[in-house]
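Per-chain residue numbering starts at 1, and chain names A, B, C, D and E are given in the order in which the chains are listed.
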Amino acid sequence: ADKVIKIGTLFPLTGSCALAGQRCQASVATAVEVINNSYPDIQVPLAGQEGILDGTRIELVHADHQGKPDVGKAEAERLFNQEGVYAIIGCYNSAVTKPASFVAERKKKLFMCGCSSSAALTQRGFSYFFRMAPTDQTESLEFVEVMHWLEKMKKANLKTVGLIYENSEFGKHAADEGKAAAAAGGFEVVADVAFSPGATNLNSEVQTLKAKNPDVVFGACLGGDYTLWVRTMKQMEWLPQAALNYCTGYQDPVITKQLGDDANYFMGGTGYSPEFAELMPAVAAVEKIYKQKTNPSVPFDSDSIQEAVAMFVLAQAIEKAGTLDYKVVAEALHADTWKSPLSLGGEVAFAPGGQNIKAKSLITQLQGGSYKRIYPTDLADTEVVFPMAAWTAR
Amino acid sequence: MAYLSVRNVSMAFGSLIANDDVTFDIEEGSIVGLIGPNGAGKTTLFNCISGICRPTAGTIHFDGVDITRSPACRTAGLGAVRTFQVVHPLQEMTVTDNVMVGAFLRHRKPAAARALANECISLCRLEDFCDKRAGSLTIGTKKRLEVARALATGARLLMLDEAMAGLTSTEVRESVELITHLKAKGLTLLVVEHIMEAIMPIADKLVVLDGGKKIAEGPPETIIRDERVVAAYLGAKFSRKMKSS
Amino acid sequence: MTTFMQVLLDGLMSGMLYALVAVGLGIIFGVMDVINFAHGEFLMVAMYVSYWLGFILRVDPLISMVAAGAFVFIVGALTYRLIIKHTIGKSAMSALLATFGLSMVLKNVCLNRFSPNFRLLSDTWLGGKTLTLAGLILPVPQLVIGIVSMAVVGCVYLLMSRTRLGWAIQATAMDKEAAELMGIDTERIYLLVFGLGGACVGIAGGLLPSHLAVHPEVGTLFGLIAFVIVAMGGFGSISGTLLAALLIGLVEALAGFYIAPVFKYVAVFGLYLVVVLLRPKGLFGW
Amino acid sequence: MKRGDTFWGLLLLILAVLPLVPGILASSFTQHVMILILLFAAMAQAWNILGGYCGQTSFGHSVFFGIGAYGAGMAVVTYHLAPWPGVILGALLAALVAMAISYPCFKLSGHYFAIATFAIVEIFNRLFMVWYWVGGALGLDYPLVDEGWRNFMWYEDKRFYYYGALILFTIVFGTVRWIESHRLGYYMRAVREGQEAAESLGVDSTRVKLAAIAISAFLTALCGAFFVQYNLRVDPSMVMSLDMSMKFVLITILGGLGTLAGPLLGAAVLIPLQEYSRALWGGLGGGVDLIVFGLLIVVVVVRQPKGIMGILNAIGRRRHR
Amino acid sequence: MKPFLSVNEIHSGYDGVPVVHGVSLEVFRGEMVCIIGANGAGKTTTMRTICGLLHPEKGTVRFKDQDISRLPASRTIRRGISYVPEGRRLFPKLSVSENLSLGAFIEKDKREIVRREEEVLTLFPVLRQRANQKAETLSGGEQQMLAIARGMMSRPELLMLDEMSLGLMPSLVEKVMETIVQVNAEGTTVLLVEQMVQEALEISHRGYVLQTGRIVQSGSAKELMKSDEVRKAYMGM
């Protein structure tokens, strides 16, 4: 007979984060496709066999939380109670992940989180919650490292930092971590610019940055706001020496098409990009499937790929535990280090609280429309362009 | 001091002076008619007394209390209640509910208010319309509703602004009877009316406004003979008719 | 000083764009007493029209704004015919409810058809160009949007105050039945007004894709600001709407720069409160 | 009157025994929907006091809702107490804030008032977004606490939430029922229908409106407190947003403005529609559930602009004839 | 002779609640006809049905031998019917002269409109002084005059007046009545609804008595004035 495990996905499929949510959903579906069917030529765990636990197939139940925590909580309950899912993967927005994973924890059922970046998520001491992506905190610390590195390598004189972020749970969180890290690294935060997402213009925001003229800008702008931000900076003829972005609009491959040359020389933390192919040879084949599930022109981005990782790691743990018993699987997840060709580090391992301690991100810089790796140096493939080339020099 | 005393009241809208130094008194228990050409300022004077407008000059006392600046709801609370020439029914409420709003001024308890409202409804012969939406009544009925509502507040001074306009002569007669009945019950009335057949027989005194100024004051018999009033207001035919009857 | 002037200029230019978005809402509001909750979504639809024309047929937004205006005119007229018409004179709030439903439908149909991707036209005639004038930077797209916007608002103003049609619209706004008795076909007027309101916001939306990304949620904040502008100017007053839009653009820019960007909408909405508390019928309202 | 009250009594009784009957309300999702219906009916009814009976369309109720929510949320999250003191404080504060902000706004009429409340929500939303003490944009997340009435918190069994919502519903509907038949109710409707006329009948319209908004805000805040207790989290965009405000308005209008049954009808139609359509189609992605939801709203309005009450009345009238 | 306006057995009402039950009446060219009846008898409803603000559920309205029962008001005025509604219905925010020009909305020639305005203002000199005042600030009586004046701006062939004496001072009622007679004498057919039964019958040729939605009596004005029922029911005698 057909044995089936149901897994729920819970992402913002509508509302202002719909773009990311739909990609994440497709990413999980891609992983399931690989797991359920036999793809012997894909170098990813479980790809070669059909299903797990001797042919048990995974079936996804999709749900939409619209970016609203209350809806997310209700949907998580529905997925567990009504749909009878074994575990949930989600929720992209940290604000929604919090109550939704709370539900799972109370039920002692698994909650796999791909890319929600709030550090607080893994500081709650949950034992059924696992997160793949690095947190804002990790990223912020990495940004500061990069700044020190630039000072050393490029003889740069970096003193001040400006922040621009959307005023939401995500942006605020990133900004708080960024501020703390910058201060700890000995930099002065001179501009703290929050804006309402979905802005009609970012004139005063950029004007403020321009007036304070920080050497480096940390940015946390999503989607359309990111392009608006870049364009407005161009209009106002201003650029910092370096711009470092959290996993945000920056790492959406679409921007290079829309902004053209204007997108270049911005930097950011990136968990994955098609240019990393040589580092992560296994991804290409998976990505082909992914592109079929969404838009053929859109590759994985570093958020969405984490959701696939979450699915793979969960499947591996179940396979290894050999049972569906939650406690056993959760303990197995904690106990082992998991092979994960789709992750930058190649491995996944969880600290108490569920944070993936092997999570890594690279600092990339857009050059000539592609994401070039510049830091850490051992993984770098390109020399950094610093300071950013002026608007007039492009 | 008189029951209602209007002293040197002026009301200006920008450059237009709608009431100009108007002074008159009303004795308790009397019926005073306020007449005058269209646009003479009668409604404006009502607005001033009832507190909807603040007069630009002058004072108004009601039962010894200065109400010149008191807001409409306080004036009504004191017992001086008016009806509107351009009717203001509470559209979506039923006739009974309309009247009950008035009745609640004196009775907190719904039951008591309802009883009073029903009484006023039958006084104004609105029984047939009790459960109709006030907005669906015809103009004439709305006018009667205005009166019923004002009555229900337990008013001691009732100010009627053309409450009989739009009624047939027979209905006017009934209204006149109502007014005399109210007077008998001890109410004081200030009545604006263009229907002379209605006002002449019952008024104890007429005050005539023209162009915002008071041009005459006195009992009806003398007023119909007043040249100025005839010229400005009544017109030859009506004054002939009035005199003959 | 230059910074101050620059901030003023930026504010003025966004104000001019707001004026065009708001004037469409304003005439619908003023004439029919209908809160069109889908107004922001009309803007979004127009932006999509212009985007697809630009993307597929390589038409520049400067040209496709006409098409976008016409398209949203039809959307507006249809909205009236199919929805608003049934609510007029029945219950004051039901039009609000219906247009809210409509905005939800429009938003999600676009999401469904065009995916939630944000889309931006590159290589437009205006895109990214700037002029520099006495140290002030004038971004060409915003400048042109501002000019077009002023022109359209001016035309609407003349239409409303100088033409027979304008009179008929005003009369209909005040008393529908009486207007009908004067021989005015109020049904047509309503249709026209809704279409016209749509066309205004359509033109605005048509111009935008050269510097603002299109996505299903793009209209929301514009719609919100437009409501405030219309009320601040005074319902039914086009000059009021214009003045309010410029004021709001300025306050947004000034507060955003001199107080803090997070507070710019606090200042904008605060300004509305201050204005209506001083003048309960808006700047130029009846 | 009498017959109406019997109807409500019976309805409450049925609602109260519903969870006791085995098999009914069995699934936790059905329970969830029932809870939301009761909660949103109560919210809409609280709004209805000001918006329906008193005729002051307010888009500002999410502010009061939010204050109530933050009251409970901060008591639990920030001060590690039971929610109750926060609930009471929040509700009182909401009433005070409501009176303070609306006193000047009552000078405004019609849409000017509506848009002013609109502006107030946006201002509060943005201020709360940056107000560190209340959690700012990060919001407040509930810790694990003991289950039970003391903490008003249950993690598995929804039945207690159901009874909580039912109590809330009864409080709000009872209050409105009482007001409706008493002087305040008549005065509120009078103010709605014509302020000048009401004033001339001795109604102090400002006081009536203040009373209406204070009661309305108090009840709304109670609903807000319930909402956070149920959702384990509070942040400004969840509770203090235009989106939330619209819910109050939509449900009431859909059901029937200024009627006692309207909010319940509105919630009973809108909430299941929203929840089940999402459960059914939400996972498909393309917002199909929201399209269907939006279309249905439009269709209802086009068919019967006076809301569901209008439909019922029309049916009733046909029957009588 | 064919009637100018003929109303045949119309049934009409609001929201499906019938108010008028089978009213028939005829008006001949050049006549002045008056409808009288108590409050709520359905006079206004009848008038609204004729001019097209309401449409009859049953029955027809024919004007100049054409069926106009289904035409909206904005079309009937083009056929020559002008209705001065009960309660004035002015455009409150527009000035007196703007109200007047809107009265001639169907006329496109601007000079012609000015000419007519001049004529009408001669009939109502009070309005001339207030030409630039907003209509809402006029006194009740002034508003009534403006409403009548506006109704005449379209040069109607059939002028329908609903309770035009409402709120007018006695001398003005007299004057307005004279004006109406004059307008009628100049060739405009007039259909009146009046509460001032005596005055109305004095100037009309014929009259109809409406009671709870039905015509209960009709005849020449003189007959009606002599009729006992009419005298008792409507003239308070």
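One rule holds for everything that comes next: contacts are C-beta pairs under 8 Å (C-beta built on N, C-alpha and C of every residue); 3 or more make two chains touch, one makes a residue touch a chain.
Predicted model, so just to flag it, every value in this text is computed and none were measured.
Touching chain C and chain E together: no chain.
Put simply, the chain farthest from chain E by mean CA position is A. Distance between Cα centroids is largest for the pairing of chain C with B.
Computed from the mean C-alpha positions, the centre of chain C lies at a distance of 31 Å from the centre of chain D. A separation of 76 Å divides the Cα centre of chain A from that of chain B.
Chain C has its Cα centroid 49 Å from the Cα centroid of chain B. Inter-chain spacing, taken between the CA centroids of chain A and chain D, is 37 Å.
Not a single residue in chain E touches at least two other chains.
Residues of chain D found to touch two or more other chains are 126, 129-130, 286-287, 290. In chain A, the positions touching at least two other chains are 14, 18, 22, 167, 194, 196. Chains that are in contact with each other form these pairs: A-C, A-D, B-D, B-E, C-D, C-E. Of all the residues in chain E, the ones that touch chain B in their complex are 14, 36-40, 44, 86-87, 126, 137-142, 144-145, 163, 166-175, 195-198, 232-237. Interface of chain B with chain D (complex): residues 50-52, 71-74, 76-77, 81-82, 84, 88-93, 97, 100-102, 104-105, 108, 110, 113, 149-150, 153.
For chain A in complex with chain C, the residues that touch the partner chain are 14-16, 18-19, 21-22, 167, 193-196, 198-201, 203-205, 207-208, 211, 223-224, 227-228, 231, 234-237, 254, 257-260, 262, 295. Those residues of chain D that touch chain C in the shared complex are 57, 104-105, 107-109, 111-112, 114-116, 118-120, 122-123, 126-127, 129-130, 242, 246, 249-250, 253-254, 257, 286-288, 290-291, 293-298, 301-303, 305-307, 310. Interface residues of chain C facing chain E in the complex, by the touch rule stated above, are 164, 167-168, 170-171, 174-175, 177-187, 286.
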